[in-house]
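The same chain A turns up in both complexes below, where it pairs with chain B and then with chain C.
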Partner chain A sequence: MENIISIKDVTYTYPDSEAPAIKNLSLDIHSNEWLSIVGKNGSGKSTLTKLIDGLIECDSGTIEIAGQIINEENIWEAREKIGIIFQNPDHQFVGATVEDDVAFGLENQGVPRDKMVKEVNEALKMVDMQEYKTRDPQSLSGGQKQRVAIAGVLATKPQIIIMDESTSMLDPNGRKTVLDLIKRLRHEQNMTIISITHDIEETQLSERIVVLNDGQVVKDDEPKSIYDLGPELTNFGLEEPFSSQVASSLRDTIKLPEGYLNEEELIDNVWKSFSKM
Partner chain B sequence: MEIIFKNVTHSYEANNPLAALGLDDVSVDIKNKKFTAIIGKTGSGKSTLVRHINALLKPTSGTITVGNREITPDTNNKNLKPLRKNVGMVFQFPESQLFEDTVEKDIMFGPMNFGVSEEDAKLAAHDMIKLVGLDEKYLSKSPFDLSGGQMRRVAIAGVLATHPETIILDEPTAGLDPVGRKEIMDLFKNLQSEGKTVILITHNMDDVANYADEVIVMHDGRKVAEGTPMEVFNNQKLLRDDMLTLPQSAIFAQKLSKKYFKFDQLPITISDLSTEIKRQINGD
Partner chain C sequence: MNKLILGRYLPGDSLIYQLDPRGKFLITFYFIGIVFLANNVVSYGFLLLFVLFAVYLSKINLGFFLRGLRPMFWLILFTVVLQMFFTPSKTPLWSFGILTLSKEGLIISAYIFIRFVLIIFVSTLLTLTTTPIEISDSIESILKPLKAIKFPVTQVALMLSIALRFVPLLIDETAKIMDAQRARGVDFGEGGLIKRIKSFVPILIPLFVSSFSIAYDLAIAMESRGYKDGEGRSKYRVLSWSMRDTLAAIVMLVITVILLFIRSY
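This part shows the complex of A and B:
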């Protein structure tokens, strides 16, 4: 599989800090993959994001994005390939209207006006927000704001989207809308999704989970194997999946297969044990 | 303190009769020393509602009674200090309100602002930092050197340091990891058992099921339901009208009831769910 991001032996220590926030970390992220990065508050998730986006520079090691090792000269070019959606949509708005806001990133890249209008419209269409074009972003709901923020990111046509806890402030409906949108965009636009999250249910959408602890990768596996860690997951800032918690509470009465069961598998097994009674 | 809303309407644009209302004729009773959750979609009026309790917002019409204090459209901004001392408010991302150069000074700011001596404020800071689960050694650190979860605790300690009788929490755990979230939620539950009234705005229905005594459901600026978590999550009308999302255990029970199982009342916690599944399987 082709790597869109390749991190090799990266270390980073914040100024005025003694311990490194990221320690000799290596990680390959494949093209078009949906990767979850999890870990406790303070495990290095946000630092890693900043390193990938070139907001801070590694003390040692290299980061390669789409085949190019990033350095001071090419960082702007590399950054155009990456779009970040942050946690709090309120902190991301600069424009007086939705369309101004979506245009902001393109203006920064010096895109000519007629092309910009077209691309803003396309981006708003992708997130199904074209009818809100002339509205003040502050008048929108949380989920709508986050969709506008995503349109702003999409307009710049990134290959990689980093979601930095971008659904944690949303109500359940807003969260669902955003996640459905990301799912669709990944397939239609062939994007790579990196999702930083504490939400175990959200990690079920991804193909791979990387667990960070103290600035290092401590686990790197498919979701099912990570969920098999059971109660140990809380050491890494995750909850046990809901279906695992229910399964544990039933095992003294109902015979269930070993290991992680998703919700459907659990329901099937509970039905089976009922029909046998 | 009992908090009573009587026919409270709030318009963000009082001069525009067509503007949408922040609150639309809300009457509700928030019970003394209970843990009350306020739920509803983004924009449903939850934050607008609680901002009336310490008069950060004033009603366009109607009254709010907080203990022996009455807030009306004519309430002026003088003499609000006793009210605000009694009603502590923790906003979303409270860490953005930290500004002093040490954690100690930050926690001391609230009490001193309400006229407590420096000495007593210092004592309060030492008590509160332990209460929120941080070591006293953090008092001398800069709040900006702390992790997000630690900063949040310091901000909560600052609110608690004025010893409010009522604590209002506006999504206090957003962005915390699950372990941090549980610690903070347990802290609030403890404060309630020590006699405080706790009001929590949240989108997390499992927290509502696990911690709240009472629930208020808001929709388009109106109060559409109130009751215990069990009553509210079994309110068929709210579910039909899409004004409510359910805790995970209730959703699981709904799926399970497609075959063999039947739930007269949807269970809302994992332990209720598991007890009920076992009861039905054992056929008693």
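This part shows the complex of A and C:
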């Protein structure tokens, strides 16, 4: 598969700290995949997103985006390919109204107004927020604000969307609408999704989980094998999946196959073991 | 607090709402200027009629304008009373020590009162019918010539609109911090003036710190969305000057001419 992002041997140390936040990290991200990045607080997840977007510059190593190694000259070009949705919906709302905010990225690219009006409408339609077009952010819920943020990112047509704990401040309903939206858009728009999260449910939507610890990749595998770690997951800032918790408590009484079982597999195994008795 | 700063805009639709905000902004200031040209009963009456006509055109209830007077009540009262009793006169109606009440004094204080009402009504008309963002857009557009002397007009306008956007956010933040301090036993309503002012220090410091962290987050978000330095940007909001805006400006000129005429009459 083609790599859309290729990180090679990157190290970064914050100016006011001694220990590096990212240590000789290498990671390939494939085109059109949904990748989860997990890890404890301070493991370097957010630093990594900032490095990918060129918001901070790596001390050593290279980052390649869509076949181009990013440097000071082409960073703005690379940034157009990436959209980030941040954690706090209030801290990324620039415009005075919903439509102004969606237009912000387009304004920055100097898109002519006629085209801008069209694309703002299209982007709002994709996230199903057209009827809120002229509202001010204060009158929106957290989930709605994040949807506006997504529309703002979509308007500039990026190839990669990074969700930097974007659902962590939302209520379950808001979280669900945002995740459903991302799921849908990814197929419609053929995008690569990088999701930084502490939420195990969210990682289940992804195809690959990368676990960071102390600025290094410690695990890189499909979700099923990562969930196999069971209780050890808490060391990486994740909660054990519910089915895995149930399975480990049941293992003493019922014979269950080794490894991670999703909810359906667990249910099947449980009723089968009862029908054998 | 929220109501005081931003809640002044009243959503609606009428001729006054449809006027170009730049025109409204300039006309309002121009009108405040010509109010000082009035010097007799007829001229004040003429301006009052004009303002009431504008209020009528806005289709906004007069009550909203009267409410605009309320925060200025003490200032108006003070000025009016001062004029009423301290205007020197050769034929006082009543006098006691330095206080004199005369016909001239009564007339002048009545003029001053009408002047206040006129100024407050027109500026209320502006803020009720124009959103804060429209006002900031007009300021940008009016300041545009300053670009010639390298004044960063677009950046200042963006700063202004972000500041407006963050007022309610900081008010929420203040409420949160006050609640947190209350939970630790701070009583904001107690004690003398000094004590009350002192109890605001533990609010201001965290507020200051958190506004910096919000600013940092916002800067990162703006940069990630491709904001460079304000140059080479296109604009989503456009202001359009139409026939009726030119007409409004002509009306103002006519008003000035009539006023000058009445004044010298």
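One rule holds in what follows: the second predicted complex is superposed on the first by the 273 of 277 C-alpha atoms of A that agree within 3 Å, B and C clash if a C-alpha of one lies under 4 Å from a C-alpha of the other, contacts with A are read in each partner's own complex, and residues count from 1 in each chain.
Methods note: a residue touches a chain if its C-beta (ideal position, glycine included) is under 8 Å from a C-beta of that chain, and two chains touch if they have at least 3 such contacts.
A quick note: this is a predicted structure, and the numbers were derived from the prediction, not measured.
Under the clash rule set out above, the superposition-derived model of chain A with chain B and chain C contains a clash between the two partners.
When the two complexes are overlaid on their common chain A, residue A:Leu55 makes contact with chain C while staying clear of chain B. Contacts of A:Ile254 after superposition on the shared chain: chain B is touched, whereas chain C is not.
Judged by the touch definition given at the top, the superposed model places A:Asn88 against both chain B and chain C.
Look at A:Ser168: by the touch rule set out above, it reaches chain B but stays clear of chain C.
When both complexes are overlaid on chain A, the residue A:Gly67 reaches neither chain B nor chain C.
Of the two partner chains placed around the shared chain by superposition, chain C is the only one that A:Gly110 touches, whereas chain B remains out of contact. By the document's definition of touching, neither partner reaches A:Pro15: not chain B, not chain C. For chain C, the stretch among 128-136, 182-190 or 218-226 that collides with chain B in the superposed model is 182-190. Applying the stated touch rule to the two superposed structures, the overlap between the chain B and chain C interfaces on chain A comprises residues 88.
If you check the complex, the residues on chain B that touch chain A are 41-43, 92-93, 147-149, 171, 174-180, 203, 205, 245, 248-249, 252, 255-256, 259-261, 270-271, 273-274, 277-278, 280-283.
Chain contact summary for the complex, chain A toward chain B: residues 40-42, 87-88, 141-143, 165, 168-174, 198, 200, 234, 237-239, 242, 245-246, 249-250, 253-254, 263, 267, 270-271, 273-275, 277. The part of chain C that touches chain A in the complex is made up of residues 131-133, 161-162, 164-165, 168-169, 214, 217-218, 220-228, 232-238. The touching residues of chain A, when paired with chain C in their complex, are 50, 53, 55, 76, 79-80, 82-84, 86, 88, 90-97, 99-100, 103-113, 116-117, 120, 137-138, 152-153, 156.
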